[in-house]
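Each structure below is given as structure tokens.
What follows is a pair of complexes built around chain A, which joins chain B in one and chain C in the other.
Up next is the complex of A and B:
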């Protein structure tokens, strides 16, 4: 086995383009990264930066028409891009599973939650009815749902948002996947419930020896829960590195802007926030230059015509895409 | 905030109940607070605790079942007809969903002028100048965008337009309900800074409702924490965040995630979920999740009491507070 095959996930030059009425929309524009086993990696970026499309493309879930996917996604050595539905289906659930952004839409509202877990187990693992029910109750218990026997018969609408998200996690974990893609698993939940769900994911990751991709727009969620972070902007990775390095030693101006514009609990009241002028670009009208250039205070002529590729920073594994990177100083996050 | 000032808004024992089938739910179950002129009071708490209902009751978008609301010495609840509409112009509310709260088929400058046109208080050229001025203040060029329709704008721009509209009648009190929750951080920062600037320029007093604890800390002078229809703690923002005295506040703040890998990993996570407001627990409403609950908490409902100047807590056993 080559080194490449040992890796859980190797993504190379992955691009997803939607062919829309308004033209070609490069939602993911050439993304490369890889992932070790038993790791949690965070993908952060603002709305529309391509986080969901990237996760769905890794999973091999895309609409059948009006989309072109190029590049490569090796999942434990298996090429997902261009694979047949049958081949992908064999891997869904067991090798890779996904938690979707909106828990309400990923559950069937007119089917008992227990039955929804059962179905996954019977279809994917060929379990008998009796075994599947027993296992489903076990899974409900595993994700911390009180009185699982009784909740087995509940409909999604009868559960709170936090409990529905636990059910979604139970379904994703039903066939013990090696890689879990969690797309905004706690967005819309209260902070106390968010903390419960994030703790649950961390605990399950350890217990089941899986790897997790934690997709979020909330920097607070990834700060203490991941070992590596990918920062996305307009469909591309603009910075990637260890969580600590991305927070404290980032080189790309957008990363800094993103960190500085977030209000902090530890700041005094009425602390003036640093803002980035404007908003993210229209993906239908991307130029050849750096897509952050119209909002970047360091932009030069070169930035507007030539796109910076990812280049290595000092720390191994830390890369950034910028022509005029921030100096190599360690910034403290705390004020 | 130690000087003795007259409150602009004084809310006492506010109760709002909704009928749910044969049952009554007290979404707001006896809430009292004051907001002083020129300050921002933050209102936080988990989903369903009654934050929006409190804001809507102040505006009388929903009718309070009991209690009193005084704005600048006027009893808001006693007002009817024209007088009610009149007092409503002194309070304005901005909602979470910026796009759906603006009529997509109207031009931006007419949306901003809605309250003026409704009252016919300012007309003709004077009106147009005022509208242009308001749009400029919120960072939207009236010459370029004034004639466009709301549906052509992004969430952040729509929220700027909502702000401009809310300022048209020169209100004294602005109620912001999750006004930045749907926005991306970079846009959120722009709107929060804008709000701070306009607050000073227009001499506004703010009730800032949000579930994001960092955002609330950033804009507020004082913060009130709600749980299941009641305020469990209220006090100066910096003190309350540094030394929360109510167990619920402590857990809530402990669960807030700081965008900092070196932030302490919070040990204790609050278990369970808030009970249904249909059937609130006896005694202290937090007792079903509180690790410090005793018999007394089951039997007696704690009332807000001052534990430090301006810092009130409703708990039989408030957490360590430096007793000055």
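Up next is the complex of A and C:
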């Protein structure tokens, strides 16, 4: 217990099930991992693999209606699963904060951006109006918004997408959280802005001594910025390990398929990208077998009837879930 | 923003011009001859012709309009042929009663509709939401005149609250408490209809707003439910509410007429109906003009408020 209390985040057997009209939908199933302080980990997977639901479940943002969450999320030793809204609220913003995917919809359109930063400072930290405004302007400056005094009075609609995402980051950082959950923070942005925002996050993480969970479908994003990577498929972890190991020594065919389907700078121009055949499974109709089996060229009969559990690979901390893993050769990965 | 307002003001002037032409022409659309109305059916043709000339009716219609509109702009709406009193002063005496009824009814409607819609939207399909959704439909389907009759029966007659029955209007300068009592029934009757509209519009917009990502974002900042409802959800949800209020208040002038007629309250509505009864055309014309311009002004004001509430509108 004492060891776990020192960890920033310990997730155990976390499952999120939505009760829909079509039946129970296991968006996240049996996820376990943990996280040290001052670490950046990446959660990758296709759209619909449960990354966003996982990050929201860790934070406990799900509304109570039609959702069941089981398992455990220990945040600095505090159990978030089943905690009251009041208890969670005390930790939101100050211990754990989230950067949302789409800066076009995550800011209140009829409230000045400065006020949206202010508010957190005043409500959560009890700052005075004057102090909060000064701090909000500082935060705007911190996230690299030019002439912050002037932008303070802007409405979100008057800012570009990149600017808005910077504001969202400023709001998330306002109360100096220990853990920052960044849910596809750059998906809605131009490629040129993406790198800026990611570099900003990395820099702020160092400066403010935070831990960051970077959720993305883009392996290029996590390759150089994370120490560990979690690969998710159909709501479950299919491979987890150090970034180096996941890239160079991955054992799960899905991880390889993901890696092969992302473009590399070193490719000759007009190189055709590999795609993963088929679609992610319908979570309402999951079979007992491996959920990737229908799309996997290595699949055997066993894969279709029995789900592989995570098993340890050679390197400590590296685990994968596969009956027919790729051989243990080192692969050269061009980033 | 300034350009937007200027554009609206130009529109406003144009609409008022059209209204003025319409209400001016109204008199000419009436059946029968105005001189017969003034002099009675037994008047000789010579006298009628004399009066016709005196009233300027022999001049071209556009000249008549310019004479009339320049008088109107100076606040002169003419003198009633029937009562020989100035139309403007009759309207000045009656209008404050309408304004008071509308003002009171809107205060009542807003202070009930907003908090109840907030509660409903927090738990859609909860017991409170179900009760008010069903109840509001019931209220919506009961016409105002039934409500008035029932209120007179139960409040004025059975409960015996003073100054609430028909023909018991007390002016504000006479006795302000009695005035409020006599205004209670009409204000409540109009408030019921407004409440239903405001409650339903705000409730459905709030439910939609609460699904928005920025509400989840506000929660993730650790704000209280109360603060999220009032500071984040209410304002973006109130645009349709304000639009509905603008239209509704204009419409209240008309339904106010029914209430005034039933309770003998000497407001504009009551005055208009008696003016129609007595063929007091100039008074009818004056009231139509004032009410139409009033409706346009109210909508203009609400448009303006909507712009302040949601700055996205004037930017587009």
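In this section, the second predicted complex is superposed on the first by the 329 of 335 C-alpha atoms of A that agree within 3 Å, B and C clash if a C-alpha of one lies under 4 Å from a C-alpha of the other, contacts with A are read in each partner's own complex, and residues count from 1 in each chain.
In this section, a residue touches a chain if its C-beta (ideal position, glycine included) is under 8 Å from a C-beta of that chain, and two chains touch if they have at least 3 such contacts.
This is a predicted model, so every value here is computed, not measured.
Peer 1: In the superposed model on chain A, is it clash or fit for chain B and chain C?
Peer 2: After superposition on chain A, chain B vs chain C: fit, no clash.
Peer 1: Give one of first, second, both or neither to describe whether A:196 is in contact with chain B, with chain C, with both, or with none.
Peer 2: In the superposition, A:196 contacts chain B only.
Peer 1: Given the touch rule stated above, what does A:279 touch, chain B (first), chain C (second), both, or neither?
Peer 2: A:279 contacts chain B only, not chain C.
Peer 1: Once the shared chain is lined up, is A:119 touching chain B (first), chain C (second), both, or neither of them?
Peer 2: A:119: touches chain C, not chain B.
Peer 1: Of chain B and chain C, which one contacts the greater number of residues in chain A?
Peer 2: B
Peer 1: Does the superposition put A:10 against chain B (first), chain C (second), both, or neither?
Peer 2: neither
Peer 1: Please indicate which partner A:321 is in contact with in the superposed arrangement: first for chain B, second for chain C, both, or neither.
Peer 2: neither
Peer 1: From the overlay on chain A, compute the angle at chain A's CA centre subtended by chain B and chain C, rounding to the nearest 10 degrees.
Peer 2: 80
Peer 1: Please work out whether A:210 is in contact with chain B alone, chain C alone, both, or neither, and reply first, second, both or neither.
Peer 2: In the superposition, A:210 contacts neither chain B nor chain C.
Peer 1: State the minimum pairwise Cα distance, in Å, between chain B and chain C in the overlaid complexes.
Peer 2: Least C-alpha distance: 10 Å.
Peer 1: Using the superposition on A, tell me which residues of chain A are in contact with chain B and, in the other complex, with chain C.
Peer 2: On chain A, no residue contacts both chain B in one structure and chain C in the other.
Peer 1: Can you check the complex and tell me which residues of chain A touch chain B?
Peer 2: Chain A reaches chain B through residues 46-47, 160-163, 190-196, 199, 217-221, 223-224, 243-244, 247-248, 257-259, 261-277, 279-280, 333-334.
Peer 1: Spell out the part of chain B that touches chain A in their complex, as residue ranges.
Peer 2: 46-47, 154, 156, 184-190, 192-193, 196, 211-215, 217-221, 237-238, 241, 251-263, 265-266, 269-271, 273
Peer 1: Would you tell me which residues of chain C are touching chain A in their complex?
Peer 2: 212-214, 216-225, 227, 231-232, 235-236, 309-312, 315
Peer 1: Under the touch definition given earlier, write down the residues of chain A that touch chain C in their complex.
Peer 2: 59, 61, 85, 89-94, 97-98, 100, 102, 105-111, 119-120, 123-124, 155, 157-158, 168, 171, 174-175
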